[in-house]
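For reference, the structures are reproduced in the following blocks.
Heads up, the next two complexes both have chain A, just with different partners, chain B and then chain C.
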Partner chain A sequence: MYNFNLFFIFPYLDSLQWAIWNTLQISVTATFLSIIFGVLMALVRLSNYKYLRLCGVFYVEVVRNMPMVVLLYLIFFGLPSFGIVLSGYISGLTALTMNSTAFMTEIFRSGFMAVSKGQFEAARAQGMTNTQLYRFIILPQVFRISYASLGNQIIGVIMGSSIMMIATIEEVTAWMFNTGSINFRYFEVFFVGGLVYFVLCQTVNLVRNALGKIIFKTAAAGGPW
Partner chain B sequence: MSTEPGLSVIQTDPILRVDSVTKSFGKKIIFNNISFNVQAGQVVVIVGPSGTGKSTFLRCVNGLEDIQSGRIVFEGDIVNAHSKNIVSLRKRIGMIFQNFNLYPHLTALENVTLAPMKVLGESRKLADERAMDMFRKVRLEHRASAYPSQLSGGEQQRVAIARALAMNPSLMMFDEPTSALDPETVGDVLAIMEELARDGRTMLVVTHEMGFADHVGDRMIFMDGGTIIEDGPPSELLKNPKEKRTQQFVNSVLRPN
Partner chain C sequence: MVILIDYSFLLIRGLGITLWISWVALLLAALIGALIGLGRTSKRWSIRFLTGVYAEFFRSIPVLVTLFFVYYGLTLLTGINLSTFVAATIALALEGSAMMSEVVRGGLQSIAKGQREAALSTGMKAWQVELFIVWPQAIRVMIPPAVGVYVSTLKASSLASVIGYVELTKTGLLIRESVRGHSGSLLILVVIATIYVIINFAISRLGAMLEERNNFVN
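Right, the complex of A and B next:
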């Protein structure tokens, strides 16, 4: 019988703290970057220029249909062959951001498409410039529409961060493998690691929900908006 | 509107000049060779069967759509949908849509104050004060803090009118303003439009409300098949239409079934 005992984890809680911090750092950074790039790429995908649009489709389809491991290997182990050497963290962040951007693009694209054409017309008819139109009318609605799907993708980013150990980043999965290889208590180690991911994702979700209620006052006002 | 009654008969420069304008989407011609003028203070009502380009025409006037030939001149400026000055031109033209198109993420008050603050550069205080004046005008001062989703269709359209008025435009365009409303609230919106007409607002109204057209309109334009069939005083068009096509239309809308 396997003697399940979490006591074996205690000596490694210090390094786990660091691992959680590293997982959070890369996930949060990649999330913010991919939200910005996702909005921009969504605009590219909805552009009036055919070739620009095709570039957007190409990016999304290539990145979205390729496991992130492949992307990470290409960046971390492949690029040095062409003389481009990126640090582990930058490689990991690039892969994670590129992958998440592809999904964010689709989330925001559907958000833009869900804003009725009449909103553009009403704002233009009032003499708003394109910048004002997007800033005050369109983007707030796009974020409101996309907010729920954003939660899924943020969790996707945290999950994706679990392969960053390939690029030598000391995140939670790296901690699991390292600790297990030292104390050979793989079951306890993976149990705790899994728990950490669960708590991280739930926390992010709860924070996102609470933030949403503050940002989108209209939802609190009771309407569908 | 001139202040002295005697002067109103003198033809001044029209506020809107439409010179043989043609609009097409690809090969499909929407309207062809449309010409007419609108004088300041006039209420011009455009009527006609669906799909004859009435709405598209309004959208050409403020450059939401471009035109393929001809010329539209508003207050001396040529309307060009692709030029930069279209933004400054649109500030002077208010537009009311069939589906209201209120900004759903903003309260009624914010809907009205946004453009005056961001486009005209008014202070929040001034914009708020003026917005409340507009809300009184459309009799909705008690609903200023509501979101569009909490308002009925008629209320939404009245907020949309307040929003357009807040820019103090020299021309108000209405694109079938009551078509999406339930019959009960149509009267509220029409009553407010009638008041605006009495205040001397220049209005260009696409509508199917023949009663309103007859009652409030100074001029009626009957469009069909992408051209203007007849243009004259509403009572004239409704009682003694000259063209056969106008007669048919008038008969069908005034004596339904």
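Right, the complex of A and C next:
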């Protein structure tokens, strides 16, 4: 019978701390970048120009239907053939951001589409410039509509960051794998690593729900609690 | 380019394995997910909570972690040497079951209360109501999102390459190793990516079609 003992983890807690930091760093960076690119790509997808719109559709469909591992291999192993050699961190971040951008685009697109046309027309009739229109009228509504799905996608980014171990980034999954192969205490290692992911994702969930109540004064959909 | 044609047989085999493993995992996920989803609509608070924790747990654990856990952890725990196929199938099924439970819960909750009440008032037994009234209607609602779960499972199955299971991604990587230096070494990655995109796109379209047909019927 396996002897479960968390004491075996203690010598590795220092490296775990760095692993969590790396996971957080790449997830937060990818989230911010993909939110920005996602809003822009959503506008591209809803653009008046047919070919621009088609480019948006093409990007979303290709990236969304491709496993992130394959995307990562394309960037990590494929780009050097063109003389572009990216570090592991940058390739990982690029893959994670590209993947998340595709999903963010769809989230924001449905947000933009849910804002009724009258809002645009009314704001224009008031003499608002395009910047004012988006800054004060449209984007706040889009943000509110997309808020719940945004939280899910952030969890998706945290989960996706586990794949970054393939690009030699020392995040939590890589820590689990490396530590396990040193001390062969796989069960404890996975217990701790799994707990880290669970806590990270549920924190996002709880913060999303709490913040949603404060900002919008309504409850957002959440976990079992 | 020419060199890749010699490997096309292997690619087709890899694609077959990918489709097969994700299909087996999806069926298992549907079974577990149906039970968990039923539990999540239960009247008892404790069952709802436990199944909710199960779903949230696997929703917040990356597939790769589950995969490592099953492949290395379960082997240590039980002493049974799991093959990469079994380990990958179990991991994908566990991850899929959490998504499936959401689908099942959504489907069951989409059936109006009046349906149950009307069926009960005609003297049907509780199991008859579930079997003949609720589920036939609920399944129609569940199928389009279940297609989405299949696409995610198919994409996640590419992670099985990390523990050394030779499916489509791993096939591609192995071919890439053996044609190293030739022009095919980049192309093979593009080919693999294209296969995934085409297959997943086709399946998602199918799901969208089913959804539109549902909306038409409704």
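One rule holds for everything that comes next: the second predicted complex is superposed on the first by the 209 of 225 C-alpha atoms of A that agree within 3 Å, B and C clash if a C-alpha of one lies under 4 Å from a C-alpha of the other, contacts with A are read in each partner's own complex, and residues count from 1 in each chain.
Going forward, a residue touches a chain if its C-beta (ideal position, glycine included) is under 8 Å from a C-beta of that chain, and two chains touch if they have at least 3 such contacts.
The structure displayed is predicted, hence computed values, not measured ones.
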Partner chain(s) touched by A:Ile84 [first = chain B, second = chain C, both, neither]: neither
Partner chain(s) touched by A:Thr129 [first = chain B, second = chain C, both, neither]: first
Which superposed partner A:Leu206 touches (first chain B, second chain C, both, neither): neither
Chain B versus chain C as contact partner of A:Leu54, first or second or both or neither: neither
Touch count on chain A, higher of chain B and chain C: C
Which superposed partner A:Phe177 touches (first chain B, second chain C, both, neither): second
First (chain B), second (chain C), both or neither touched by A:Gln119: first
Shared contact residues on chain A - chain B and chain C: 223-225
Contact footprint of chain A on chain B as seen in their complex: 59, 62, 64, 87-91, 93-95, 97, 99, 101-105, 114-115, 118-119, 147-150, 163-164, 167
Chain A to chain B touching residues, read off their complex: 116, 118-119, 121-129, 132, 136-137, 140-141, 144, 216, 218, 221-225
For the chain C and chain A complex, residues of the former touching the latter: 48-49, 52-53, 55-57, 59-65, 68-69, 72-73, 76-77, 151, 155-156, 158-159, 161-162, 169, 172-173, 176, 185-186, 189-190, 192-193, 196-197, 199-201, 204
Of all residues in chain A, those that touch chain C in their complex: 2, 61-62, 64-71, 73-74, 77-78, 81, 155, 158-163, 165-166, 173, 176-177, 180, 184, 186-187, 190, 193-194, 197-198, 200-202, 205, 223-225
